[in-house]
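Labels run A, B, C and D following the written order; every chain starts at residue 1.
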Amino acid sequence: MSGFTVAVSGATGYAGSEVLRLLAHHPELHVTAVLGHASAGSTMGEHQPRLGAFADMVIGESTAQSLAGHDVAVLALPHGASGRIAAELEATSPQTLIVDLAADHRLVSAQAWERFYGSAHPGTWTYGLPELMTAQGRQRERLAAARRIAVPGCNVTAVTLGLQPLIAAGLIDEAHLTVVLANGVSGAGKAPKPHLMAAEVLGGASPYGTAGTHRHVPEIIQNLNAVLGRPADDSGVRISFTPTLVPMARGILATITAPLAGAALDDHGAVRAALAAAYANEPFVRVLPEGQWPHTGATVGSNEAQLQAAVDPAAGTALISVALDNLVRGTAGQALQSAHLALGLPEDLSLPTEGVAP
Amino acid sequence: MSGFTVAVSGATGYAGSEVLRLLAHHPELHVTAVLGHASAGSTMGEHQPRLGAFADMVIGESTAQSLAGHDVAVLALPHGASGRIAAELEATSPQTLIVDLAADHRLVSAQAWERFYGSAHPGTWTYGLPELMTAQGRQRERLAAARRIAVPGCNVTAVTLGLQPLIAAGLIDEAHLTVVLANGVSGAGKAPKPHLMAAEVLGGASPYGTAGTHRHVPEIIQNLNAVLGRPADDSGVRISFTPTLVPMARGILATITAPLAGAALDDHGAVRAALAAAYANEPFVRVLPEGQWPHTGATVGSNEAQLQAAVDPAAGTALISVALDNLVRGTAGQALQSAHLALGLPEDLSLPTEGVAP
Amino acid sequence: MSGFTVAVSGATGYAGSEVLRLLAHHPELHVTAVLGHASAGSTMGEHQPRLGAFADMVIGESTAQSLAGHDVAVLALPHGASGRIAAELEATSPQTLIVDLAADHRLVSAQAWERFYGSAHPGTWTYGLPELMTAQGRQRERLAAARRIAVPGCNVTAVTLGLQPLIAAGLIDEAHLTVVLANGVSGAGKAPKPHLMAAEVLGGASPYGTAGTHRHVPEIIQNLNAVLGRPADDSGVRISFTPTLVPMARGILATITAPLAGAALDDHGAVRAALAAAYANEPFVRVLPEGQWPHTGATVGSNEAQLQAAVDPAAGTALISVALDNLVRGTAGQALQSAHLALGLPEDLSLPTEGVAP
Amino acid sequence: MSGFTVAVSGATGYAGSEVLRLLAHHPELHVTAVLGHASAGSTMGEHQPRLGAFADMVIGESTAQSLAGHDVAVLALPHGASGRIAAELEATSPQTLIVDLAADHRLVSAQAWERFYGSAHPGTWTYGLPELMTAQGRQRERLAAARRIAVPGCNVTAVTLGLQPLIAAGLIDEAHLTVVLANGVSGAGKAPKPHLMAAEVLGGASPYGTAGTHRHVPEIIQNLNAVLGRPADDSGVRISFTPTLVPMARGILATITAPLAGAALDDHGAVRAALAAAYANEPFVRVLPEGQWPHTGATVGSNEAQLQAAVDPAAGTALISVALDNLVRGTAGQALQSAHLALGLPEDLSLPTEGVAP
């Protein structure tokens, strides 16, 4: 069998099983091990009956030893657990490409890590957002040589894609950014918690992680500073960030507002034009035709982020709307996008841009 | 029978039938006529089987003549239709208290009306938001003498309640307000439209009425200018306003952000304290205990708006969150609140502050 | 204060808090104690922000001592816990009317209890279904003298109301009953469980408690045997009973099928006529106009069960459809209905027949 | 380009666009025309932004001429419209494989067609259910030679798959079948109707097409008679069939009950064993491990039907539960399954068995 072998740790969770779904019919990446902890010894079908191709595959124990020797190790574990197993795996199987879906290796600033995660900084890996418009060029160039990939947070992906072309072009005021998100519940993971029970979620909307407390805030700031060529925790980027939980399983709708700046003050068309130009050649970011606004439903199961922008002349603001599937474009899909680059495969190989809707 | 007679026009719609629900066991207001157009001649039970008390009541033709002679006429009609029937009713039954749930008589500025509604300004009635903190005192004083009441828009109610104490106290910058709302679909009414079909709405979120085009914008600006003692369309208040449709039937969650100003720059506690003080004695506005964020589910069927606020020090912003039921607190409930005042009844008579949740 | 005092144990749960909602504006029943276990010492508002009237009420420790001395004790506890506290309360406060929302005292047959609940039979109380058409007349006559009330299961209520008139009249074959239910998730309670997480429930339907294993089966059989004047566990009534979990918070839609029998074989109209006659004077059971089928949405928050029936001539079967709110008509509402009877109050006092829809 | 050209008529609808989704990355079937009526001249992206691969494809006019000359014509049109365009296409392009997703050519009995559809019988095509266990063998043998394929109804597929092995083995009484379905709203199509509005559907369940009136009834009877080797409308098969609308976009959960018969009376294990044996080698029908019940969520976007069965000894009945995606396994997916057979391609080519869940 040509291609690469892939082991997935945390295979029964929402993110890990979504990696499996995307690999079920992949021409080059072959799942050779599915790993778990409490589930070890049982079959995937007992935990994820949705995955026909893996129904009878037996789950192994999630350890660095089990991951070692595979071409690719995907870590779909809680942060902390992810960092620990990664450290051991790096030592024993240095040739393995490690793709970490957790937060452990995303942040450059040790100080920001410690403030938001309350533990010692586990280090920084190559950031897995191929479209990131850093001051030195798009991030995909860096991913081609990566052996350790930190996959971005789902909300971070939506906000970064929506803001970076306007920040880069100086069309909005980066010190007064406001982001409100409508979030599907799968983003909170599979572990039972009172506020995630269906009876609580159905029929209602509620904010969480409010007023600067959400862990995705320093990651967004780091990305926008990378666009501006500034240090990761430079305080010039300021963002009010409010996720809200709404009754849907998947999806992020990011509604982003910022005061107009620079050329956009006189040329309102520059806002949408900057978005369109930035993503004209990107396979997984689509700016919708003018006047058509994103709907998260259109992105379910797809690796495509959909964007739109408009200017509110009376308010003097730009409005950017971004929809994506938190488990695909926000996690498992972009993990494979980055892994493809690191393995020398076509970035868009086998990744869907079609949503399962309605 | 003591009390007052009430005729409801548009009785089978979402807003009109919600007025009926709230009147089903009302001690002083007695429903003596339910009126409709296409439904005239049939029973309420055929159109609103949810209303046990009115199941066998026959629907009359919705005309000014049918409304005349009742103590109270509630108009739950599309704007335009509402203005026309109101004009005729005012002439023929001047003693009837008219409560208009539509937009026709909300705006003071004829120019704003024409720009957003594209028709001649139908005039301005007493604005039915008892808690409105105008520069001359709360609006309830004015409602005591009212014979014509314009009930506020549902989104407008949420945003005004959230912002007015902070605007009044100068704690936020009124020129840089950002509002994003998660809206239940019932706010869009009962008429079938493609984007309101269940298959389209289930599982997705999408913005609408974006970038300053929503008709609730001038009404919010008018209210905040009333708080500041400025002309209704003074341009000093600027607001980015983005409603989003999410998969829930009822409810509005307004997420409001603004840069800190005045005393709040140094005293972050001033923000929540101003909210708490403003609503300490209000029967239908509750500021939640610190750290507990509103959930629209808790307000379903209730006339209570629930609020919370916090400061994001890094962003330099205040975050205010407001949840309410668009059909009750946002429409039918506050219509009765205002009608009670106009009729000399206790403002909170028979109005629920208990939500039907989960 | 005239009227009766009421203590509610398990006040923060779905059933207990729904009792509170229905008592918030009750003219004769006054909530004098709210009790809990883990929640003792905190306020109701922290656990049930939906209940404006009780937001500041402090939760006491749920013990028999706390319940003693009140006119009415409502037990909204898991079965087992309910039986234990009831036994203690009966001894210390014999004059208190005890209303048990749990299953402990519903079953007549000790054998059935032991088979389905796996513990010693806690005894049998007066069954709290006023409309039950026993061979000796409606159950409400028995409730007038009751001091101990066992409130029926929610599914049991739906199925009994749907079937009893046809069983009583011999219009269907009681040995071949089939019931499939669409159930809202609140029926499963508030304790977090993996299959009740929103991400699992949203967008899907699944059966549970299949093939005769559900604990509501012996209770339904007992009721139908009471209608027929047979022993509680007589095997002549046979029922296939399959609940299914669907993505809604509240509501039960029972779809009941049975082969035609007796007069209905020749006179298909007899089926709907029997339903209509049985409930013509019942305040909380409504047979819809012919051809209009129940929708659970119409019953949310209401104490009304809505029914319809039709005959399928080709299949030779009757179809009965019943919709109700599991927490109101199926639990808290009918608990108050029965308590009213036991206290000599009007059965329908202050209980809503209006649903909160859409 | 090797492979076959495909034209899809009704491309913007739910069924038609789902065919496109499944063909987006198909190795042998290439979409060469997308056709519509009101949408002709616009791009797919305006109507189905979910389909990245087709976003810029311009919609042609849906006529027999536009369809002619393609290797495959998929008709995703309302019944009636489908029959008319098919008749014209057959005459002008006899070599084109026509796959009709509508009902026009499904029924063998002209009498049944006329009774349920109220028009002249348009004829009978090869029935597109490869797994159908006819008395002469599985239907896939017939499909290998087909040039005209009538794709089964979605509910019919679920019920037939669930019942046929038990009917064939005589393990249940085919004269007393009961089926209740939980149906997602997408099955009702995209045209706006009052009862399909999100506000009506969210939070409620309701039956429709009750008491033998649903058009899928004669089709189920025809299939089961085919299994028994009887005429299509033989009256020996009798079925009570009740679909119910629940708040989900996709999915069918069929709950099927029948009295035990034959060997199953003594050997309860025979029921599940018959299901397991019948589908052991079927790529798109999976009998779950004993005790694990189907969840429609697991089948969303997948062509796999998931089944389970159990016996209720007290009721003397078999319970069969079937979950599938109405738009994939119930429509577009099985259309391609059958088309593959007719074109000599592998039946399972490129069809997913992985669901998009949660």
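Here are some notes:
The working rule: a contact is a pair of C-beta atoms (placed from the backbone, for glycine too) under 8 Å apart; a residue touches a chain by one contact, two chains touch by 3 or more.
To keep track of the chains, here are their UniProt names: A, B, C, D = N-acetyl-gamma-glutamyl-phosphate reductase.
Being a predicted model, the structure only gives us computed values, none of them experimental.
Set side by side, the interfaces A-B and B-D show unequal numbers of C-beta pairs in contact, with more at A-B.
Where subunit B touches subunit C, the two copies mostly use the same residue numbers: shared numbers make up over half of all numbers in play. Centre-to-centre, using mean CA coordinates, subunit B is 46 Å away from subunit D. Chain geometry summary: the mean Cα position of subunit B and that of subunit C are 36 Å apart.
Separating the CA-averaged centres of subunit A and subunit B is a span of 38 Å.
Residue numbers of subunit C whose C-beta contacts span two or more other chains: 14, 185-186, 199-200, 202-203, 247-250, 294-295, 297-298, 300, 357-358. By the touch criterion stated above, subunit C contacts subunit A in their complex at residues 14, 184-186, 188, 190, 192-194, 196-203, 247-249.
If you check the complex, the residues on subunit B that touch subunit A are 176, 178, 180, 182, 199-200, 202-208, 210-212, 217, 235, 238-242, 244, 246-251, 253, 255, 257, 259, 293-298, 300, 310-317, 319, 321, 323, 357-358. If you check the complex, the residues on subunit D that touch subunit A are 14, 20-21, 24-25, 45-46, 48-53, 55, 185-186, 202-203, 249-250, 286, 288-289, 292, 294-295, 297-302, 304, 306, 350, 352-358.
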